[in-house]
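Same chain, two partners: subunit A is paired with subunit B first, then with subunit C.
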Partner chain A sequence: MASIKTRLRREKIAKIMMQLSGILITGSLFFIVGTILFKGFPYLTWEMISQVPQGGFYIGKEGGILNAIIGSLYLGLASTFLAALIGLPVAIYLNIYVKSGSFLARSSKLLFDVLFGVPSIVYGAIAFSIMIWMGIRASLLGGIITVTLLTIPIVVRTIDELLKTIPVDLKHVTQSLGATKWEVAKILLLHIKPGIFTALLLAFGRAIGDVAGVLLTAGFSDNIPKYLDEPAATLPLAIFFQLSSPIPEVQGRAYASALILTLIILIIVICTHYLASKQRKHKI
Partner chain B sequence: MSWRLLKDFLFKKSAAVFLAVSLSVVLLIFVGLGYKSLPLLQSESIINILTQSVWSPLKGNFGFLPFIMGTIWVTFIALIIAVPLCLLASAYLAEYASDRLKNFVLPLVNVLAAIPPVLFGVWGILFVVPILSDYIGPAFGITSSGYSVFAGGIVLAVMIFPIMISIMVEVLKTIPEELKAASLSLGATKWETIKKVVFVKAKPGIFAAVVLAISRAFGETIAVLMVCGNIPQIPKGLFDAGYPLPALIANNFGEMMSIPLYDSALMFAALLLFVIIFGFNFLSRVILNRLEEKA
Partner chain C sequence: MHTLSSIETKKTQNIVMPSIPHIRIENLNVTIDGRHILKNINLDIPNNSITSIIGPSGCGKTTLLKTLNRLVDDAKGVEVNGSVLVNGEDIYGKDAEVTHIRKQMGLLSQKPFPLPMSIFDNVAYGPRIHGTRNKKVLNSIVELQLRNVGLWDEVKDRLHASATQLSIGQQQRLCLARGLAVEPEIILGDESTSALDPISTQTIENLLVELKDRYTIVLVTHILRQARRVSDYIVFVYNGEIVEFGKSEDILLNPQHELTQQYVKGFIA
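Showing the complex of A and B:
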């Protein structure tokens, strides 16, 4: 064995390497956000966020990306709502109605975990071909359905983790007082209220940032959609399209759009963090 | 009384229906993609499709090898960068770091996970691509536009940091204190303990984390598409452009209608992705669940 001196030196080197990797990984976040802030800020104007594209927008003339911002918000809000509508009962069902540890509960949770990992391009591809088969063209509704499918696993798994943290005693006590299982569920939900909002915000963030799923299903449009069957622009797609333009002004707008998306995501993250700390204090 | 029972009953039934519907998505994807890729599979054997390298849909040649190799290149590069960094960082977080540091770093890693893929792509174009073409490429005497599998790998590496770190830290936390104490009391340094006890004991969990990261990297579409160059060739070096499978689907879906078998080929690409990722995810989740039950 090497002498104690070399071994201690190795310990020191290893520790420094570990610290450096930690700094590199955490730093990459600041670096990415910083790059986008730095590049996007000079191009950010009030016009960008208050107007829809005017004639010649894509060759650098006036207009903004309000259509994409509103489109993304519609898409994000609607699919988060639908995902909650489906995901919340499923999570309750798996935790309260089904015996925990039963085959059904375990295999369903496993499947949701796996579904969570399925990339959005696969959802997009299958939804697109179903839409063609049914004769529906790319529209807000198509995008909403695709993104809902993508966010259901997030809602189910996050809420499931929350329900697991509640002591079983509470469930037993409520039930022994004569409550039905649905009434038990309502009591438990009260206890994880801040956590539920965290889960929904996570889902909203994923919905608003997704590209591959909406690329094929929601289409793109310069107008703010009024009905569900109209195509809708989304913020990530607007970034992607503007960035592929060779004209510097349009590219600059892509950076500014990226900046707007970054700010939306950061606001979501700060809210989730706040709610998560509330949930921790809420704990019984 | 009966009203309360009825409400309970209604909720139970509708929740069960929701569960069945949302899980049947798996079946829907598999059957749908399989059905749509049948025409291609009937016209050519699956081995030919997977091993031929000529992709010219107009002539009816659908060789997937360039795309498969593109995906493998970017994933492999991402792993080479990310695995050592994440292993070291999570060992530090689990073994050395104070609670305060942990509570500072882990939320930041979660923020990284919340950043949409397209922003990683923007960062790749603004930073990684120019660095590769202006500095790193010339340093090796290579002229390159920077849009290459190397750029894709770097961007992907950053994207899989969060999932690896969070799982690895969880896994390392489950290593019993007694094992570490035994090793330390025999005179091993902390690093020797980590290397020879903690990592060895945590091997299945680390493996699961890496497999999960691979499947994330396999399916990542837009960020990789933006920096990879998208030329259907088999990459021969780090600075060659590549064309990963998801990018193929995303780039060509709109225009596929007129060419025979083209849509079938793209659906086959989606099926391939789905099957591989489903398998990988399944494997690593089973390993992780087993670890969790043991702990």
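Showing the complex of A and C:
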């Protein structure tokens, strides 16, 4: 039995460790945002966000990255939507229709855990080889499909965890009112609605920030894609290309592009939190 | 003579009809993951009365209750053998339709679980999923059931507020109203007052006593005094078996079996 003095000392050490980690994380976050702001803000012009690259944009001449902004938004929103459309029913099925603890439930959860961890370049490579086989060139559609595959496991696993936090009694009382499984599912979804927004936010964050998956499948283009079979630019790739340039002007624009990407994510986060808080009024 | 007597028997049967048990359990055995949870249960649950299932923790009370509306076979590894007859129909039979069976039985769980919607929508939920769309009808059902549980005057001005804003005792009454709105014949209570304060507990107990004229009520409780206060019949379950079943006062004042005696006296917790 440790004396009270030793226990209090341990308490102090644990607290200091936690505070240090907190400072480290917030510090690095400020450092990242600060760097982007410091290096990118001077280059952030209206032209940057309202124009596509003109001739000579990549050697520091006029134009902007509207192509990449629109491309990324298309890709992020479309694949998050598709991932929700496919992932939600899977999560519901695994939790409500499949008996908990059964082989199917356990094995598919394991599968989605593995898929969750697979790096996006692997998805990109597989999608790329399928596209070659089918004779499809790098396009917005290819990018959307690849990124959707990448984000489905995120949606399934997060929604799955959310559904698991629901007390089994809520399910039972709903069933005892004579509700079918589908009606029970709707009640449970209503219950976790705020959490669903967070799950979709995670998926969107991964979708819009992904580089490796879209590198081979979406390609890159200086134009805004009008059709699904046209190649599309994305912000992360735009940042990558500009950053590898030796011209300081172009490098500065890379930071400005990173700033735009961060702002887009910030706006999405704020919207999600707002929507989630509006849904929280019925929370048990 | 023979014919006459058989007619007479029929007549008697007709008169006796209402007291034919709503729920009859025959040779019921439940195993969960190979463990024998309920052993050879045979029980007739009397109509229009409150039957309490008592017994120490882990004896199978809740499992017994949940076999009645088939919530028990929701999980993996559960095997149910034997039959539970509700109005003569075996709910474990091949053609049994679970949704319909459950609709006949209102469940009042340990803690109140309001649905994530307004007070009004909670009560209207059951009738709505069963096809009632008419607003006037829904309004009257909601008012009737909220009055039935004595909640109407407390909530009539905020019917469209979230159900979670109610106190826990009010929530439990709301859950009872929600269950009654689907017009069940049987009410199942799974330690329904264990999360409530003494006053709310008393309100729920009084309600159940009032309701027994119209419903068959089965309660699981670990509080002997509660069983004494509300029940007409008591089933004492020990280690997955029914040790004794009888009228409430017989079980509590004059138990026949040694285990029941020990439990009633407080030697088995």
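Keep this in mind: the second predicted complex is superposed on the first by the 243 of 284 C-alpha atoms of A that agree within 3 Å, B and C clash if a C-alpha of one lies under 4 Å from a C-alpha of the other, contacts with A are read in each partner's own complex, and residues count from 1 in each chain.
We adopt the following convention: a contact is a pair of C-beta atoms (placed from the backbone, for glycine too) under 8 Å apart; a residue touches a chain by one contact, two chains touch by 3 or more.
All values reported here derive from a predicted model rather than from experimental measurement.
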Item checked: Superposed partners subunit B and subunit C on subunit A - clash or fit -> fit
Next item on the list: Please work out whether A:177 is in contact with subunit B alone, subunit C alone, both, or neither, and reply first, second, both or neither.
Entry: second
Item checked: In the superposition, subunit B vs subunit C on subunit A residues touched -> B
Notebook entry, point to check: Once the shared chain is lined up, is A:130 touching subunit B (first), subunit C (second), both, or neither of them?
Noted result: first
Next item on the list: Using the touch definition from the top, say if A:18 reaches subunit B (first), subunit C (second), both or neither.
Entry: first
Margin query: For A:82 in the superposed arrangement: first (subunit B), second (subunit C), both or neither?
Written below: neither
Checklist line | C-alpha centroid angle, subunit C to subunit B via subunit A, nearest 10° | finding: 100
Check: Which partner does A:99 reach: the first (subunit B), the second (subunit C), both, or neither?
Finding: second
Note to self: For A:118 in the superposed arrangement: first (subunit B), second (subunit C), both or neither?
What the structure shows: first
Next item on the list: For A:187, select first, second, both or neither according to whether it touches subunit B, subunit C, the two together, or no partner.
Entry: second
Check: Counting only touches as set out at the top, which of subunit B and subunit C does A:273 meet: first, second, both, neither?
Finding: first
Item checked: subunit C versus subunit B - closest C-alpha approach in the superposed model, Å -> 8
Next item on the list: Please identify the positions on subunit A that touch both subunit B and subunit C, taking each partner from its own complex.
Entry: 180, 183
Margin query: Looking at the complex, which residues from subunit C come into contact with subunit A?
Written below: 66, 69, 71, 74-77, 99-100, 102-103, 105-107, 109-111, 113-118, 125-126, 129-130, 162-164, 175, 178-179, 182, 188
Next item on the list: In the complex, go through subunit B and note every residue touching subunit A.
Entry: 4-5, 7-8, 11-12, 14-16, 18-19, 21-23, 25-26, 28-29, 32-33, 36, 84-86, 88-89, 91-93, 96-97, 105, 107-112, 114-123, 125-127, 158, 161, 165, 189-192, 194-195, 212, 215-216, 218-222, 226, 246, 249-250, 253-254, 263, 266-267, 270, 273-274, 277-278, 280-282, 285-286, 289
Item checked: Residues of subunit A that touch subunit B when the two form their complex -> 7-8, 10-11, 14-15, 17-19, 21-22, 24-26, 28-29, 31-33, 35-36, 39, 86-87, 89-90, 92-94, 97, 106, 108, 110-115, 117-126, 128-130, 149, 152-153, 156, 180-183, 185, 202, 205, 208-212, 215-216, 236, 239-240, 243, 254-255, 258, 261-262, 265-266, 268-269, 273
Notebook entry, point to check: Contact residues on subunit A for subunit C in the complex?
Noted result: 99-102, 167, 169-170, 172-180, 183, 187, 190-191, 193, 281-284
